[in-house]
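Each of the two complexes below includes chain A, the first together with chain B, the second together with chain C.
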Partner chain A sequence: MREAYHVELENLANNLAGMSSQVADAMERATRAMLEVDLELAEQVISDDVKVDDARAECEEQAYALLALQAPVATDLRTVLAAIHAAESLERMGDLALHVAKAARRRHPEPVLPDAVRSYFSEMGEVAVRLARQAEQVIKTRDVDAARTIESDDDRVDDLHRHLFTVIMDKEWPHGVASAVDVTLLGRFYERYADHAVSVARRMVFVVTGKMPGYTSDDI
Partner chain B sequence: MAKRIEVKDLDIYYDKFLAVQGVSMTIQPRSITALIGPSGCGKSTFLRTLNRMHELVPNARVDGKIFMDDEDLYGPGVDPVSVRREIGMVFQRPNPFPTMSIYENVAAGLRLNSTRIKKADLDELVERSLRSANLWEEVKDRLNRPGSGLSGGQQQRLCIARAIAVQPGVLLMDEPCSALDPISTQAIEDLMLELKSDYTIVIVTHNMQQAARVSDVTGFFNLRGVGQPGELVEIDETTKIFSTPSNKATEDYISGRFG
Partner chain C sequence: MREAYHVELENLANNLAGMSSQVADAMERATRAMLEVDLELAEQVISDDVKVDDARAECEEQAYALLALQAPVATDLRTVLAAIHAAESLERMGDLALHVAKAARRRHPEPVLPDAVRSYFSEMGEVAVRLARQAEQVIKTRDVDAARTIESDDDRVDDLHRHLFTVIMDKEWPHGVASAVDVTLLGRFYERYADHAVSVARRMVFVVTGKMPGYTSDDI
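For the complex of A and B:
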């Protein structure tokens, strides 16, 4: 039994799950900071992002060492490959939460969002955070069915994202160009964030089934 | 000419002890088939049944069929010696004939097999075999020196040259690199990849990375249980075996989750 090797593999998966939890927290707090105009909370999210970056670097180093020293094959190899890709997605999710927090800081003490769109962002934030938490569970449990649920939940974020455009494009939009730009970008941040969560889940499906993610969307 | 081997429901016995049970597989010509599995699972024993060397052990025997192309290797009237001529073997430890020169080592099989052969023809065959074994350049100036004076890796290539000198259809290799350093191992692996265009190669190896590197098809042997016979658990394309094997025991073995 290659005991140390399998402990290392487990650590890698645990770190990945840890990153998911970090970026879920980050998005949760960034959304609250934005909706509640909470500067302190926004600052916290901004300063915490470096931890996600560090975790990503650590995941990559671990994966690299495992490839170099242990010559993993089959499921083990897929775990390492998936971890490298998933770590990158998770880091991006952290960055997107960071962007939301920065928007909140930039407009402080004014709110970033006009009241008319608050509820959309409140819901997008909720779903996005839930997706990240689900991704964490999928990493821990390797549950392929749960991974597929993430995909369908992501559709809700896409719908909200699309709907925002119709709100902004309304001739009667009374909040000016700057606000429209903010809303557009922020909507995009949430949509991207959710997409990355889906990508993480797909990587885990790959670990379990050996099917390369993204060949055909019907497979997932 | 590379030959195809077809094994059907092969049981292998040492006296009353059933060592390997129920092996069926097809070995394609001009390909390398690697057999992996833990010690004592019967993969070497199986290999030795392919050229009827197993029966050299007293009371050893087999049940089942092995065909080489259309020839039943265990059919009545088949001469085991002619089978061994057609299916060459290279062993774990290089075993050149110690008292013979390099030249004579390669010529030995030819002399045994053909009663009359002209010196010029023999010279040509020895050179061709040594070239095929990637050894010619290293030994061409000392063909009359003893084969035992070569390095381990060179001796192993000499044994390969000896095996292919008689132009067999199939080449069996029983852990041919386990006594060699990485550089000699690489030379043998490169040689195997060259030889597969002319021969059917079956290799038993404990080095899973070697199986992954050189073989087209990998077969995994395992013991069914303590005191039980060995069996062929899974055989498939090497990429499949090392990426998504069908059997959990295979995955456990190649990932080091055993013992």
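For the complex of A and C:
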């Protein structure tokens, strides 16, 4: 039974790594679609989202099967529950990438972003995607050091998000209210994506090691 | 063991009902603090949020104990997992009420909302709180009909949210960019709160009946 548990947990972890990769690709493409005003790429992100939803349903079914058939306890049980939470966050990250792609599509052929804020989104996108790829790497390599820049990357997104607001709120913002609304919501999507990515990366460390970085057991 | 399972599930359900009540109160007060420019009430919501976080940690520990000691299978297992997901959504609803209260505090003594959009928020708040109270009622009364207006209430929040955007995006919006940014984020907080409330109310029906309304088992 212990061996069956570990084989099934390994399968579940691999699927979570696959979801991490899917939502990293989705946000990378959505960001490029938005910055480069690429309608085709936006459409691709939009139509691919259902795959993330399917992968999440499959992860949940694997987790249910693991709980029902293996009845794990102690750390093993918390590991499976961490996987269930991670799958939920990953699905949400896919939704947020979808929102970015839809914003790009909605304004096409106009760019959704004024030039003044492009660099913020370019960097927020880069850091957010890196966080999602770290989650994938932790599972694939079993190297928890792969996740060591999580905290500083998260801080960086928060900094960028705060600076973005000072740009929008500036009395001289010349791009109008509609554009400010777009930029506000998009900034929020990246910030939420990064928050979920941090939470997923931490949970992946738990799935691999049975220990949650920077958390007490109550926060799992 | 079956009896112990049902006693423990009942305790867990009662705690979820308590969380529903807490986050309904939080959003009701946050909305009033925002509409009536009441700093004291905003502060109360902000300082009370930690209680929601504690209640969630307690629900998760109860669910872990249930899984570890009772090793439920089939519908019983899905019921416990539905409870874990519900606790996560409820904590998030508390966070969103907290965001509303913080926005009210940030602009004090100025009102955060221009008069033109007050009625939208008043009604979004009312419907969002009603959704959270329905979740509580389902558990307390075991009357799943208490949740029968879930879908129409959710549609109403989406309608209000859409109309709100047409007001902000109107070329004649006279309240400036900073105000548009505030209203955009606040609108998003209510919409997300309502989405989570719908999901919680549905899960509460599942916790009581073992059947998920309007869902296939994959969506649980």
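Methods note: the second predicted complex is superposed on the first by the 187 of 220 C-alpha atoms of A that agree within 3 Å, B and C clash if a C-alpha of one lies under 4 Å from a C-alpha of the other, contacts with A are read in each partner's own complex, and residues count from 1 in each chain.
Methods note: a residue touches a chain if its C-beta (ideal position, glycine included) is under 8 Å from a C-beta of that chain, and two chains touch if they have at least 3 such contacts.
Here the structure is a predicted model, which is why all the values come from computation and not from measurement.
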Return the chain, chain B or chain C, that is in touch with more residues of chain A. C
Based on the superposed arrangement, let me know which partner A:Leu77 touches: chain B (first), chain C (second), both, or neither? both
Is A:Met169 touching the first partner chain B, the second partner chain C, both, or neither of them? second
Is A:Leu67 touching anything from chain B or chain C once the two structures are fitted on A? First, second, both or neither. second
Taking the superposition as given, does A:His85 touch the first partner, chain B, the second, chain C, both, or neither? second
So in the superposed three-chain picture, is A:Gly210 touching just chain B, just chain C, both, or none of them (first/second/both/neither)? first
First (chain B), second (chain C), both or neither: which does A:Val157 touch? neither
If we overlay the two complexes on their shared chain A, which of chain B and chain C does A:Arg2 touch? Say first, second, both or neither. first
Which chain A residues come up in both lists, the one for chain B and the one for chain C? 71, 73-74, 77-78
Which of the residues in chain C end up touching chain A in this complex? 57, 60-61, 64, 67-68, 71, 73-74, 77-78, 81, 84-85, 88, 165, 168-169, 173, 176-178, 180-181, 184-185, 188, 218-220
Touching chain A in the complex, chain B uses residues 208-209, 212, 242-245, 251, 254-259
Contact set on chain A toward chain B in their complex: 1-2, 5-6, 71-78, 210
